[in-house]
């Protein structure tokens, strides 16, 4: 895990970006403030990215490989684009970070998570999807990035 | 001559049926219609509305129900319900059983005013009786109090009584006429969607069956992002068919809710609900 | 109570599952009301702790739904342990709650 | 019914265009007639939203002194109101046809 963080740090420094997730969380752990959220940790640049490549570069400083070991649970057709339940889980070892991206949203990155050791690579959240889109799940395991994606159809409701 | 007599009888029969409202017979026919449409679906399941017709939508709903989005409304509603009025009384003093577990008995016909009283209207009446202003009938605090009172009634079987009196039956019949009358520029009745085509889609949305449709209200609707009462949905439905909505406390909506809920007698209260 | 958080934390077979519902508008900045854009207002950082130690840090963008639901799981945790949740949004507003594991 | 609507609309539009530019007095008469028809539709419990939209447009045009636009919108509103009145009258008889029987 330490290796992954320092690798990320180097990548970030070389990329000249301000907000690498791994590096930032390392600081959070050092600060160890219980039950408080630190706004300074927010990877603002990554959340402003408009493509998957740019968002992942800013967030992790590296590019992902395709993996079949990520379970991305999304509905085929969303009931309501404003509340789309998304679950992701992974059997990959030593998962340190996870992220969800929606390629057709104005900003690509939807959410990202940094996991402490012992936290399971398994989570469920709800996203807004502007239109029919590929949703991408990214997992950082043993310092490497993996991704998988699935389409979600977003229909216009008829019953205003 | 005999042929004429038969014809007269045939013409007279529907008129006679129309003359005497019979909620029990209506309910049997209404529920029978849905049994005919969906022979496999148990009666109590109708309260799940559109989620009976799509496994994927049902799965999304069940995920959302893990920690339902109306949770805040129920908590807030309980706080409001438990708070004292300036005169020291509270909502509990206005209702039988202290207002707990009674949603299945609403709407009721009030013989004094000759009007149907829905649960949200009863909540407002309680406020007025204790010198407080009425709350908005569609959303906000009143929907939250409604949500809490309905939550305490979950599982109770809907038991709307239509007294065998002329004014009560007239209100019931007016609600029935409203439900089946086509209106609005699109020429739809409530029945066009929710009786004739439940389970079918209107663009992205699945139509809920009219049977059991009232059991989940008030609802947290994702589209609204907050709670709404049944009347709020009536207003939305009317706008959908390009029909100018009635006022939230109008007799039209009260009577409609009276008829519609009476058709679901015997089904369990499932509210508050979550819908897309 | 302005910005409540509902939490459910349960432990079974050595794994604690935390589910929470956070009351927040999560305005994306892309939605118009009465012809005007509603300015963005969303949670940026949400921190989950177990007995004071961070188990998960979440970073949310405007694409996370209104009144967000989130659940995850971590190893360990006993009945009666404390789970803490704290968030801060892009306007600097914050809220925190703690709950016992059931 | 739809045929009738088309004919009525055609007549209304034809009138608005054929007549020499209507004056404000004529526009006031047209708007008053539309108001009356819409009032009857409301009383019948079957007001259409497009009727209200056209009626509003007529009032707005009248207020800014655009007699031609006021007459056009008012005529449209009145015809929509008349159609909704006809629908309401028909439904007084026809609604029972939709009631399920045993």
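For reference, chains read A, B, C and D in written order, and residue numbers begin at 1 within each chain.
Here is the rule we go by: a contact is a pair of C-beta atoms (placed from the backbone, for glycine too) under 8 Å apart; a residue touches a chain by one contact, two chains touch by 3 or more.
All figures in this text were calculated on a predicted structure; none of them were measured in a lab.
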Revision key, fill the gap. centroid check, CA-based, most central chain -> B
Check your understanding: Across the interfaces B-D and A-C, which one involves more C-beta pairs in contact?
Key -> A-C
**Study point:** Centre-to-centre distance between subunit D and subunit B (centres being mean Cα positions), rounded to whole Å
**Key:** 32
Check your understanding: For subunit A and subunit D, what's the span in angstrom between their mean Cα positions?
Key -> 55
Point to revise | Distance between chain centroids, defined by C-alpha means - subunit A, subunit C (Å) | key: 16
Review point. If you average the CA atoms of subunit C and of subunit D, how many Å lie between those two points?
Key: 53
Revision key, fill the gap. By the touch definition above, subunit B meets two or more other chains at residues 64, 66, 225, 239
Revision key, fill the gap. Multi-partner residues in subunit A (2 or more other chains touched) are 82-84, 124, 126
**Study point:** Shared-contact residues (touching 2 or more other chains) in subunit C
**Key:** 19, 66, 69, 71
Review point. So which chains end up touching which?
Key: A-B, A-C, B-C, B-D
Point to revise | In the complex, subunit C residues that touch subunit A | key: 15, 19, 26, 28, 30, 44-47, 49, 52-66, 68-76, 84-88, 92, 94, 96, 98
Study note, to complete from the structure: In the complex, the residues of subunit B that touch subunit D are 14, 18, 25-26, 28-30, 32-33, 176-178, 180-185, 187, 189, 191-192, 195-196, 239, 242-244, 246, 252
Check your understanding: Considering the complex alone, what residue numbers of subunit B touch subunit A?
Key -> 56-57, 59-61, 63-64, 66, 201-205, 207, 222-223, 225, 236-237, 239-240, 276
Exercise for review: Please give the residue numbers of subunit B that touch subunit C in the complex, ascending.
Suggested key: 64, 66-69, 71-72, 75, 225
Revision key, fill the gap. Within their complex, subunit A touches subunit C through residues 21, 25, 28-29, 32, 34-39, 41-43, 47, 82-84, 102, 105-107, 109-116, 118-120, 122-130
